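Each structure below is given as structure tokens.
In the two complexes below, chain A is the common chain; its partner is chain B in one and chain C in the other.
Coming up: the complex of A and B.
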């Protein structure tokens, strides 16, 4: 009895998970097939929606790349022995970690000019780049805190052992402390990745052509209530398909690290 | 005899010029707590010196002063010609630490690296030795500590005794002039203490200058050229193992050694 529940337990869970994963696409598919005119319209608009979604992926990847690089450096600087370095960084992190993403996207959109003049050449400064900056800023603040926390979670005896062998402070950080931090900060980093990816939808509010914006365009053009609904379900399904695997992977990694 | 709390030059065998470590009038306090209150100690090249004494007597701090992990407020420390107490720059302390190995109670291996990489990393990154040479040396050292088959294991997969032997190999990979052992068997279960002590015994036999803080009385008696008894931040007495463990007239030492005697016998029974 116990044995059967034990084997069926995880299996059942697995089934529910895959069900969640296919549920939204299934709803879309069945609905589109039962009303073929709706299905045809949706198929027509899919490339447009997909081009919007590419923008979400692009913004998310770039924001996370910049955010991670800057955040990792800031996280290290948050622990610098010099106050002159530490205080401004801590201030940056505290301010931007507690600012709503939408506010930052609005701020970067309106603070930066729409074009930059470099040596007499007018270079466009598109809104999507501003959205990348608007999301990279909070991402860097979060990554800084993740990095700082990871460094501080490494026992001081590791520093002492490194020091005792003759490693400099920087070498100890580079070869002994940071490699151990990567493993510890991966799960929270992926959570952040997922949350920044979802926040890319906010860029629609400043006119960036991304998925949510594309869906709004489409529903305004088609002017059918059922199409509007299915278009937004497609938006949800797309974000789900991107973020759910990230959160699954995070949980698996967390379990593996806890076991080790 | 190698240790003299009063006059470092006083020896019985006339080898005083050969000293590698010399501590003179070392005073150190952490805040209000005075840990060392005027310690004098001289260690000759090739000797094994054991520091024994009750907990909190400043043994570990004394050891850490030798490789500048702790800095005294007063006194002179000389390690093979280097005035350690005058090293103010981190880079100078690093130069010293390259020459003085230290092994800790809690092993402190790097958990993200394999056993082999734990031993290879310091010489390659600190001394600039090439990878192949460092690996060759690492394998020789692993052989020496009888862990050749564990080269590709991670520290977490090893027992405490095995980890401690890797830590010793890691310290030796830097080819130090002397090695400090800070209660290296205190965190181990009795079964693995023996294997670690055997490695240290081999090392001492090979002529490596070793300074040990230890609670293993039988072991200290067996391998040491000199035993130092510390209490309350001072060296109470020093001398040959015979003098400290058997013929001392100091009641405090007799009490301390006597109290630990039973433990030493048990260890002996386990074939150390």
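Coming up: the complex of A and C.
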């Protein structure tokens, strides 16, 4: 078994990998070309679906940005020498890391008002912003754990060496420890990014106009079973096209870091 | 009598700090909510063995070295890992379920309930993650051990059963426990196709009572508690199975 994979392995694996990138789009293309009326309907709906997918990307980018900033701070605070700081942060991380994403999206959607009053002006508080917050909360909890793990994985001798060179605790963290953490936490951070991107589909359940919602709209408008199938395959292909490269890259980075 | 007085004091106490649990005193909504908890627990209890067994089969296929077994499973695993579970669930429920209905002649004859689809989709999704973890574990088994077993006349299946799996399972246990925690969280997608698990039941309650915060606190505590139990059980199993001197 090992012998055969050794000899023909790399080339064959490379082929299957490149095949994986195009498999789903290829299915869609061939099907749309063999049934032209279906293909035409699909082309008509593609802009609508694309506008939905833009929303997915927007939500995931914003949620990850906020989640990373807050999470990195929380991760450092989790290691703070003061219990008063540490315990609330640890509790926050534990609760929101264990909470289902869907529950948090529901929570932010139903708890926050639909508009906010700032100095007498009514500002709308759209659902998609609530979904961003709903996903930024678990993202921040995960990033906090990733950061904490990365900081703890740096050998203590480095802290001691920094101290010996006259760095303060904060300076050691800022200039010596954190730069190394960035490298170590990159693969899990990318895993999180792809999992948050996939979780944006949950926003459709609270009525945010994103890809899954758009596909459901389209299939109820067209009312053709074959269109429904191809619409959902398009949804899968879109998410796959976004998440599969990320997961490939993550695995490559992991392997390289493990080897180093 | 005793029960209801405790309940009433609890409701009054919570009311004082601004949380509304009045619905617990009514029969109907309290039943819906309690059944929601039971459904979620039932889903979890059912999904853990389903996902483990399916994951084991997938892992065996992935490491079998036979392309006709490993290629389809690899394709399935990659698609499952890189597309949202909710989309898979909607696809299965709207497309595959319709196929089954047409096959048996009408939706009224269709034996497959939304509950079945949640178990199937979430179970197979987590199974794909388990398979990846176990595959890594199997590949981490030192090749000298496999060769020794082959030298002693073990068949491929016996090597998997007696040499690779026992070691691989121990090595991949932390990843498997992690997946199980994901599984617990994923049961909530059942909400999308009207499986009356806890979030679905809670929506029924809070649309009537407008007490989202009160219910949310209980749900968050509930999921934290389940996940702590799952994680603890994982650590316990890990200790039980530890092979002294092997570093696992």
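Points to keep in mind about this one:
Basically, the second predicted complex is superposed on the first by the 252 of 260 C-alpha atoms of A that agree within 3 Å, B and C clash if a C-alpha of one lies under 4 Å from a C-alpha of the other, contacts with A are read in each partner's own complex, and residues count from 1 in each chain.
In this text, a residue touches a chain if its C-beta (ideal position, glycine included) is under 8 Å from a C-beta of that chain, and two chains touch if they have at least 3 such contacts.
This is a predicted model, so every value here is computed, not measured.
In the superposed model, A:90 makes contact with neither chain B nor chain C. Between chain B and chain C, more residues of chain A are touched by C.
Judged by the touch definition given at the top, the superposed model places A:176 against chain B, while chain C stays out of reach.
Of the two partner chains, chain C is the only one that A:225 touches; chain B does not reach it. Within the superposed three-chain model, A:107 lies in touch with chain C and out of touch with chain B [touch as defined at top].
Note for the complex: chain B touches chain A at residues 67, 69, 90-91, 94-95, 97-98, 101-102, 104, 106, 108-112, 121-122, 125-126, 156, 170-171, 174.
If you check the complex, the residues on chain A that touch chain B are 157-158, 160-161, 163-169, 171, 175-176, 179-180, 183, 260.
Interface of chain A with chain C (complex): residues 1-2, 4-5, 16, 20, 23-24, 94-95, 98-103, 106-107, 110-111, 194, 198-202, 204-205, 212, 216, 219, 225, 228-229, 232-233, 235-236, 239-240, 243-244, 247.
Note for the complex: chain C touches chain A at residues 65, 71, 74-75, 78-79, 81-88, 90-91, 94-95, 98, 143, 156, 181, 184-189, 191-192, 199, 203, 206, 212-213, 216, 219-220, 223-224, 227-228.
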